[in-house]
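Right after this note come the structures.
Okay, so chain A shows up in both of these, paired with chain B first and chain C after.
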Partner chain A sequence: MMHRREWIYGWLFLSPALLFLFTFTHYPAVKTIVSSFFSTPRGKRPAKFIGIENYQALIQDEVFWKVLTNNFWFAVGTIPISVGLALLMALWVNSKLKGTTLSRIAFFAPTVLPLIAVANIWLFFYTPGFGLIDQFRSGLFGLPAINLLGNPDTVLAAMIVVAIWKEAGFFMIFYLAALQSIPPVLKEAADVEGASNFYYLRKILFPLLMPTTLFVSINAVINSFRLVDHIFVMTEGGPDNASSLLLYYIYETAFKYWQTGYAATLTVVMLILLSVLAIGQFFLFDRKVHYQ
Partner chain B sequence: MKRFGRFRTSVASIALLWGMTSAAMAVDLEFYFPVAVGGKAADTIKELTDEYAAANPGVNIDAVYAGSYGDTVTKALTASRGGKPPQLSVILSVDMFTLIDEEVIMPFDDLVETDEDKAWLQSFYPAFMENSQTGGKTYGIPFQRSTPVLYWNKEAFAEAGLDPDTPPSTWEETIEMGKKLVKKDGDGNVTRWGVRIPSSGFPYWLFQGLTTQNDVILANSDGNQTNFADPKVAEALQYLVDLSTKHEVMAPGIIEWGATPKAFFEGQTAMMWTSTGNLTNVRNNAPFDFGVGLLPGNVRRGAPTGGGNFYIFSDSSDEQKKAAFDFVKWISQPAQSAKWTIATGYVAPRPDTWETAEMKAYTDDFAPALVARDQLEFAVAELSTYQNQRVTAVFNDALAAAITGSKSVEDALAEAQKQADAILKEYR
Partner chain C sequence: MQEDQIRGQAIALNDVTKSWDGTLAVDRMNLNVEPGTFTVLLGPSGCGKSTSLRIIAGLEHADSGEIAIGGKSVGHLPPAKRDIAMVFQSYALFPHLSVAENILFGLKVRRASKADQRTRLNKTADLLGLSELLARKPSQLSGGQQQRVALGRAIIAEKPICLMDEPLSNLDAKLRNTMRTEIRDLQQALGFSMVYVTHDQAEAITMADQVVLMKEGRVEQSGTPREIYEQPATTFVAGFIGTPPMNVLPGSALAAATGQANANLDSITLGVRPEHVSVSEHSGVPAIVEHVEYLGADILADCRVGNEKFIARIEGHASLSPRAEVKLHWPAEQMHCFDRSTGERTPSDKDLFNHLLSA
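So, the complex of A and B:
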């Protein structure tokens, strides 16, 4: 009897979270997979089953491959640098140097700002002619105006810089919290044993930070697919899709072109990619992560 | 006790009766509107709907600000799919085919009853109606419409030894004058360009000015056939590319829309092409004397139109449709239309608005406002097809590829035509 009641309590406690998880995560995911095998309903013509036609269109869609490639470079460009920067900044503001409070605020400020606002600020930095970057270039070095957002060769790099600037401070907070939870006796013991700072960093600090690194890097991977707000403001994916990312293309397909069937197919690709990456990271890091 | 009971019943029946009559009399209209230019537009819409509601007690209009043009069409379509469409909405004129394709709007012709209504349908500038009619029916009523014009900096013209009151009137003159207007500093860097034709986001709109001037139309009026691979289109695109690469009178690469007025104010460019929607902005912020003129011509003068129309949604009751029709008729009358134009800078869509005392006073004070009206004579429909957003996206990508030099003009256009054909095949 007692056992049965505990079982009921368990489900009661779980049910609010489960309800939300099912309504907003699992049901839409399953529905998306189902929709990806149907055509787009228009007016009074309902969606009809078309098998793998959407997936065949996907393989032939040049724009899809382009945004996927862009997304790959966007991830490669943002993840290591923003995580690395975050660690450096955390070590810096965790030290006992003067002015750390100010640097903490400065490093964290971009995280507090909404990405749309950030994008508008950077839009001004990048503006050819009278933007901040060009004012420096022409004022200090007498260089000609540069159109970073209007050139397909530089636009993606310009977007990557914005994303790093936005993200590094956020990840820094996690590293800072982790650093502050590391007992100082370890450092003292290392000093007594005559270990160099670098040795301490490599053999003690990094392994202890591994759970944080796993958490942060999974977040960084997800963000490299999720962060597209600045594209709306700065480039709308242009020129010629040079700065478009997978999620932005899904948005365009679904809510600009109203190709909801095809958008569901693109979403399935994104779902698979994200699951594979997250699971892969768990396995990759699993042996190196030590939880205390 | 008994009296009290009767009293209660009578109160109840009166309440019931009152409820029924008010339900029979009052018509509720939901009206989505976008705001594409800053400031006063939303207030003016509220003012106008309040004024109408005060004069027509039987109609309640709920004017809902729905965001940008893109947000508004998204909201209207989502609401329609959910079975709760608005009765009325202002949406881009180019979205007409999309709305027809989704079977959510109805032609105004079905609501026309009297000769007066018929005359009203004929009272708008034909240039604006091109984007509002298809298959012999009228689906949209022009409301917040615009057209691109040429703005020039008179001081820069004088400085370059040009007549400050004469802007270029042809493609050739744009190049000639542009070359004189380009200014370089000691390092050989350009500090002022001759002309600026923005190309970010939706380059097709201003490019359509060039194609019209080259006497070629980009899409048919049935919205199922595009003409991107025409040699005249290629010629127009080559001209646009040459302005930067060959003649060096315009900055290279994609040029941002948003920064264009600012670049003009800062003296970074001596001329710019942009919407009449910027008139008030330029008037308030340009620190120099400026002129507003027709876009230069080539084979002919030409410009596209742009902006939003009124649409009536079909999934409404007959009373609602009638009331919506009546409201659109009212708000497009010269008095209301003049108020709207003066507050926002949009082009008044019918000739008699320009004859009102208010508009006369406004244009006497600020003559550039007339340029847009004078250009309507040369204006054509904005590019619009079925699956409009997809087709224009394909075309925009092609233009961007040619402007940034990643594809040749001919290849880019031929590919765009091929893709547009594939999309539009099912509508032929």
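So, the complex of A and C:
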């Protein structure tokens, strides 16, 4: 009897959280997977089961492949640089040099700003003719105006820079917290043994920061698919889908073109992709990570 | 072992001063460590002993003064160039490295040959009983084992100097006693010079060749454990060394208790060790017993002489009860005498004490 009652209590305690989790995460996820096998309902015509037709369309869809490729390069461009930069900034502001408080604030500021605001700032930087970049180019070197956002060859790179600027400060905080939890006496012990700063960094600090690196890089991967706010403000995916990412394409398909069935299919692809990446990272890193 | 002996180096501090934001941590410190000897820096917390050790190690820089190792000035050198090994209070083991990698850390930094690493590792592991644990991570070891790994990392390179900062303070009492002997034996066997920091006077007395007792950044007294124990230079030393420490009380209090007023007594402080006190019926200083602590082999009797506390350590078979009125007696030559205003040791006056104790 007692056992049974505890079991009920357990579920009662869990139920508020579970309710929200099911309503807003699990149910939509399952519904998405189901919808991906149905046609888009229009007017009086309800959705009807069409099997894998949506998936076949997806394979034929050039824009899908384009945004997937864009997203790949966006991830490759943002993740290593933002994580690397975050570590460098954390090492800097963790040192005993003067002015570290100011740098901490400066590095963290982009994180506090909403991405929409960040996008507006960068929109000003990039504006052809009188934006900050062109002011420098013409003022200092007398170079002609360039339109970084209007050129399909440069627009993705310009988006990558914005994302790095936004993200590095956020990841820095995690590295900074990890660095502060490493006892300074380890550095002293290494000093007494004659280890150079670089040797200490490579053999002691990096391995001890591995759990943070794992955490940060999984977040970076997820963010590289998730962060699309700046695309709305700056390019709307253009020109010619050159800056469109998977999630932005899903948004367009669902809420601009109202092809909800196909949008569900795209979402399933993204879900699978993210799960595989996250799980893959865990397995890849886990053997190398030392948890204290 | 004989052929493996390391030649210890001498260490000398000359008028070393260090302050933190205006407060003096080390004040004109002088220290001489003979090659191959064991020196303990002893003192209460905040006395500057750890700072002194870190200055020798090169982890802190002195504001002024000279630091010499093996006769050469090293004040400007980083720790790695001073040819020292160090064991930290928290052991400072690298948590992600195995025991073997931790011990070999210094040799790997200096790119010693693989063969050299292997022979030294085997020898060190044998010496410290770590051979079975080499593949483990520090978190899988007990406190005592971690301590041994830290020792291993310090001795593997056979540096001429080893510095230890309260290495035993994280261990339980029983382990501390065995490690004490072990560290002392290790130092004797390998022959390096040791500077060892502790706040535990029993540790200092049992391990050291030379005890340097510090207070508020200054050296209060330095000497062999026997000198420190038998001839404390100040009332502070007298009150710091010994369990329980020496009874220190103003001469006037003793004079008042015995009724033997004497002008000479007013300017001095008297000290007598509890173990030299005996209880007698007939003559001596009248006292009242307040607590009796039975320790088996002996009894600690907390007494009161006038208004002063006074501890006597007497044989275990004696019977004493609280509130008993007793007379305390001790040999005149076991009486220490200090200047009342400076606290410094002064020559004692036997006749005066005989006079006092005959009351």
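Keep in mind that, in the parts below, the second predicted complex is superposed on the first by the 283 of 292 C-alpha atoms of A that agree within 3 Å, B and C clash if a C-alpha of one lies under 4 Å from a C-alpha of the other, contacts with A are read in each partner's own complex, and residues count from 1 in each chain.
Keep in mind that, in the parts below, a residue touches a chain if its C-beta (ideal position, glycine included) is under 8 Å from a C-beta of that chain, and two chains touch if they have at least 3 such contacts.
Please read all numbers here as calculations on a predicted model, not as lab measurements.
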item	value
Overlay on chain A: chain C relative to chain B, clash or fit	fit
Partner chain in contact with A:L277 - chain B first, chain C second, else both or neither	neither
Partner chain in contact with A:I81 - chain B first, chain C second, else both or neither	neither
Vertex chain A angle, Cα centres of chain C and chain B, expressed to the nearest 10 degrees	150
Partner chain in contact with A:I50 - chain B first, chain C second, else both or neither	neither
Which of chain B and chain C A:V185 touches, first, second, both or neither	second
Of chain B and chain C, the chain that contacts the larger number of chain A residues	B
Smallest separation of CA atoms, chain C relative to chain B, angstrom	53
Of all residues in chain A, those that touch chain B in their complex	42-44, 63, 123, 127-130, 138, 142-145, 147, 149-152, 235-236, 238-241, 252, 255-259
Footprint of chain C on chain A - complex, ascending	183, 185-186, 188-195, 199, 204, 207-208, 290, 292
Complex interface listing, chain C residues touching chain A	57, 59, 78-80, 84-86, 88, 90, 92, 94-96, 105-106, 109-110, 137, 139, 153
In the complex with chain A, residue positions of chain B that touch it	70, 74, 77, 98, 101-104, 185-190, 199-201, 251-256, 258-259, 262-263, 266, 268, 387, 389-390, 393, 396-398, 400-401, 403-404, 406-407
